[in-house]
Amino acid sequence: MEAVLDADNISIVFGGLRAVSDFNFSIREGELVGLIGPNGAGKTTVFNMLSGVYSPTSGEINFMGRDGRETRLNGLAPYQITKLGIARTFQNIRLYKQLSVLDNVRIAHHQNVKYNSLDAILRTKRFYTEETKIEAEARELLAIFGIDDKRAELASNLPYGQQRKLEIVRALATNPSLLLLDEPAAGMNPQETNALMDLIAFIRKKFNLTILLIEHDMSLVMGICERIVVLDYGKIISEGVPDVVRKDPLVIKAYLGQEAIESA
Amino acid sequence: SKGSNTIKVGVILPISGQVSTYGIQCRDAIKLAFDEINAAGGVNGKKLEAIVEDDQASPDVTTNAFKKLTSSDKVVAIIGALTSKCSLAIADLAQAKKVVMISPTSTNEKVTLAGDYIFRVCYIDSFQGQVVAKFASETLKGKKAAVLYDVSNDYSVGLTTNFSDKFTSLGGTVVAKESYNTGDKDFNAQLTKIKAAKPDVLFIPDYYSTVSLIMKQVRGQGIKIPLLGADGWDEITNNAGEEALNSFYSNHYSPDANDPDVQKFVTSYKAAFNGTVPNALAALGYDDAYVLAAAIKAAGKTDSAAIRDALVKTNIKLVTGQITFDANRNPVKSAVILEVVKGADGKLTTKYNSTVNP
Amino acid sequence: MSFFGQLAQQTINGLALGSIYALIALGYTMVYGIVKLINFAHGDILMIGAFVGYFVLMSMGMSWYALLIAFAVSMVVCAIMGIVIERFAYRPLRDAPRINALITAIAVSLILENGARVIPFMGPNPREYPVLKNATFSLGSIEISNIQIIVIVVSVALMIVLNYIVNSTKIGKAMRAVSFDMKASALMGINVNFVISFTFALGSVLAASAGILFSSAYPQVEPYMGIMPGLKAFIAAVFGGIGSIPGAMFGGVILGIAETLTKGFISSQLSDAVVFGILIIVLSVKPTGLMGKNVREKV
Amino acid sequence: MTTKLRNFIILAGLSVIALVAVSLLIYVGVIDEYTAQILTLAGVNVIVALSLNLITGFTGQLALGHAGFMAIGAYAAAICVMHFHLPLFASLILGAFVTAIFGFFIGFPTLKLSGDYLAIVTLGFGEIIRVIMVNLKDLTGGAAGLKGIPSFTKDLTLQPTLSFTWVIAAMILVIVVMHNLLHSSVGRAIISIREDEIAANSMGINVFYYKMLSFTLSAFIAGLGGGLYATFFGYLNPTMFNFLKSCDFVIIVVLGGMGSITGTVISGFVLTYLQEFLRIMQDYRLVIYPFILLLIMLFRPQGLMGSHEFRLTSVFGPRAKRTAGGKEGV
Amino acid sequence: MLEVKNLNVFYGNIHALFDVSFKVEDGEIITLIGANGSGKTTTLHSISGIVPLKSGNVVYDDADITGIEPHKIVLGGLVQVPEGRRIFANLTVQENLEMGAYTRTDASEIKRDYDVVFTNFPRLKERRKQQGGTLSGGEQQMLAIGRALMSRPKLLLLDEPSMGLAPVLVDEIFEIIQQINKNGVTILLVEQNAYKALSIADRAYILETGRITMTGNAADLKNNESVKKAYLGG
């Protein structure tokens, strides 16, 4: 199988700090990969480079869209990368707090909308059909995550856990083939985390997604990831299936800690 | 308004805003004139009533004021506006509505060109600019002149053009023409340039407040040549120091002239307003009121066309001189040149220098 | 005068003007840096400062001693004014959107300048400002006045003091902490209200001294005198990188020189346009101004 | 569908009544010329304020130089009529286009700047426009201004009526266009920029493109307002478009509520009237007006409407829930 | 040491806390656990004086501190590490720590405390001169705790200190918390990670939609079936 995403030796430097160095990574279609590592290892920074928020100081990123075309991502703006089919969530939630839940999702539909400004101004038939369609799709996604009944609430009024879910819904609404999740379970209790794991598995099937996720909750990472990449000080220190990675002494020392092994 | 015992006259002046001090003196003088006329029996048996609207020296507000006066108050004529830009904003409207409008002080040439209902009682920029140029060239024997003017003020721009044209036609050269914007405080850059051009005279056509600041910087740079100005300098003596010496400006009247009309006006104005000596704008407002009253009296009715016809034939001696109108409804009258001198009490004052006839 | 003579003279003129801009810009930039508010009233506080100085100097007569008193009284009055304005006009809006505070600042600015206009003992008429005897020093054909020298020296000194306060003192660090997160600052034991009042007081003190120096250099006081220099100084602050103290100084001086040279050698009509043009070019190359910190938002 | 039709009828009906009925009242003189003048002026103010609300209230980009755009539109339209003798209608549209072009070229370098930088650049731009108007003497009349700009009609008795009709019709048109655009996917994209630029970008929205779109459209509408202003007053002078004028529009927008079209309409009419009314206070007006403003900011900082819309249709029927975009009602 | 009596808090119309009462004794570690949005943060905020109380009292060190301004409460040694860290992004790591010591004047002691913090969090020492805002999430959390310690608290309120931390760090943080407690600081800990919290705490309170529904010995609660089900994931 071909790689959907291929990061070739990417590095980024902030001031004097080399936050990520020579990161080599690729992910195959349909894979679910976990990216873990100590705080400050550079995981979020990798996401930022993949999604175009920062561009790498060196190295190259290539992405193959659903249409089978390969595109070089270096230098593209985030919105262009989103159009190609990569969507992400944010570690520190960035919802449109003052807008309704439904609007948060509808905004993410924007690039797939098939009417133009003129249709909107003149309120053509196409406008109404499309709008009805968008709303239906948005509500369907919300329903999957069990928050359709909150659609009229302001996003800021949702409890933290539901805000995290809404982040995922919003990312899904851009119709991605590759989904980047940055700590989706942060702030959730074990109960909720379990439910989230099932949800991730469900959407992965339903929307035929490739998923890369960052998470510190080992029950989630070890539970659903097929492959794990471990980052420390911006470098990959270990890579492989969960059972191998969790026993890697380097990983234990840098990340998991002794106790985590015992309790797992 | 038939049967009523008053004749309503609309007055549009800047009672507030940047030039309100001018507007207030002008308004007071107009009211003084109306009171005098009413005390003497009014006009055609009716009393004159001034309805004053504040134009804030802003053209669009002037338009609002004009509509209010003509449509809700139904005045028979308009005295105003004070600044040229405000007068320009309503001149076409007044002409279209056939309402007589007499501006006391708008010196921009285009104001009365709007049509035969528009008059003024002050002389126009071109005349004033020429008067100063003539004085600079003939009396001061200047060969090279410099001008420092406010490019965003039509008054200043107009005077600059007319001064330069006349000065050149009299054989002089304008060696430097520098400008600034309203509100500027630093003129050193322009003055350095002017100084380098070595002029014989420097013409500063602006209002006294800016002029007094410019004068300080002029003398501060060691430029000792005579400074020239126009009617905007009125009151410069209350606002400047020694640096104002050796300067001359043209004006509409001189409060110290021993003309009986002038003395009567100055005395009654002082009596009515806490001893304030009326400035030129007050004198013009006063004359404006008298010109209008005379025309209504001559017309015998308050019909606009009749007033206009009477105005054209105006020929009276007032505070600012003998007033008749030319074909463009501008007054034909003389200007005076005043010199800034130190008085006996050590304070600055003006001295009558000469009269320039049209 | 030779071309180079003129160039040198114009540069000196520009430096003098620019130092005044810099002085005003310092106050702007500091308040902005801490409270993130474009304090439109800054120029008007300058005006109040100038008026207070005027009344002091008129009642005492002009002397070095009187000038010092004038500075002191004017700084105190303006500091109180700054604190009062912050307390009643800005504090209630701390949690409101930024633009509301901006509107309030515009409103306060209008109230101050128009208030000064309608108050009988101030009034709309410009007044002559009492000044020290003008002494001019000349270097060849180039001339510089004592007031210009004072202005340049004072603004450099104030910049250094201010930079020290904000970057190296405890209250300065507290100011920066408050500027980032008021609630967290309170949890650290920082008295947020006090820190902000202090910031305004400091800004107003700067405005007061700028007011007296400004009206010594351009000896006239009137209610609207603060508008144009305020605006120009604000542009200088943005130009140098708003929030940056050396930036304000640098921006002010560059702006003054650019303006003067344009008037001197290109066109006095277009000097403002040229200055804004430069600003736009600089900002499109360096969006945070010449010395503004270019911090990328951590996502 | 039936509520859609009902809403349409209510809105269209009310617009027609507002326009035709009031025009008739002015024509027969029940509403005098002075009142008509103020109403028309308010209409112009509302148009320009709406344009500012588009960029500031909806897109979140603070602009402080809208009087400058208004000036371009006003002068461009006036010059088209007077120098090139184009028909009035064409001149108005052309004036708006010229303004939009300026908007485009100013937006291009500046919309990459963040909040306050944009504010200062637009402020500076507004001032430059004035300087340019003063210096382009041959076209603009310089400091003396442009006089005798042809009005909507030469017929004096019809003038107030027609001015009102033109201006208010244009205002209604602007409202409809803005409302329809903002309640669509494009509008949601624009609003999402206000809420969080980085997130918007990551949701596939070309942030710069939509900022440009909004800014250019805003300039277009402000230019249209300027053109109407020019023909309505018949006289232009650069000092009419100073910083304080820009402030007036900011004030209208904030008072009405940022991101509320109806708020802007209401506050535009209220403030225009208030300013005219306060004229009798003379210089005290200069203190009273900002004081009222201050009080409003202190006691109702979100403005009259917040970011809500006043829905006439909901007065006549069930209330629609508020959303930022899309069809009304969830 | 701390007693909270009948707190009622409203956000506009939303009633967030209903008659919340509890006690923290000198030297204890008390944990407050509850689901998302149950009001844990609100409780801590009302103790620190950041949100106004509708009714109720907060008594600290035998003094009623209800309604006292937040910065004055800190003077008494009641310090909070806020949820979401709230680092001063525009200050360096070092300056952030200085702000923690804002209320103190004992320069030499302060210097010693820097070393204490840097020994606990060597990572921070490396990044001393870096702007707080550019630290990673975990680094910021360390900084937030370090900053609070700089004020030498007597009672430390911790709001979800383990959120977003690597497992090895979570362990570390909990160890540090115990260490701090051993050094004589009383601790009120709010946690999502109920298992860990209950492991180190003496007593616990459970908060459900703004009400205290259960309280007891931490070890007992850890074995309580309903608690297990709701908060311990099985």
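Chains here go by letter, A, B, C, D and E, matching the order in which they are written, and residues are numbered from 1 within each.
To be clear about the criterion, contacts are C-beta pairs under 8 Å (C-beta built on N, C-alpha and C of every residue); 3 or more make two chains touch, one makes a residue touch a chain.
Worth saying up front: this structure is predicted, and the values here are computed from it rather than measured.
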Shared interface partners, meaning chains that touch chain D and chain E: A, C
Reference chain C; chain at largest CA-centroid distance: A
Farthest chain (mean CA position) relative to chain E: B
Distance from the mean Cα position of chain E to that of chain B, given in whole angstrom: 76
Where chain B and chain C are represented by their mean Cα positions, the distance between them in whole Å: 37
Shared-contact residues (touching 2 or more other chains) in chain C: 124, 269, 272, 299
Sites on chain B at which at least two other chains make contact: 20, 151, 181
Residue numbers of chain D (touch at least two other chains): 131, 134-135, 198, 283, 286
Chain contact topology (line, ring, star, complete or other): other
All pairs of touching chains, each written as two labels joined by a dash: A-C, A-D, A-E, B-C, B-D, C-D, C-E
Chain A residues within the chain C interface of the complex: 14, 44, 48, 53-54, 90, 94
Chain C residues within the chain E interface of the complex: 170, 173-174, 176-177, 179-181, 183-192, 295, 298
Footprint of chain A on chain C - complex, ascending: 296, 299
Complex contact set, residues of chain B against chain D: 15-17, 20, 53-54, 56, 58-61, 63-65, 67-68, 70-72, 84-85, 88-89, 91-93, 96-97, 108, 110, 114, 150-154, 156-158, 181-182
Contact set on chain E toward chain C in their complex: 48, 50, 69-71, 74-75, 79-80, 82, 86-91, 95-96, 98-100, 102-103, 131, 133-134, 147, 151
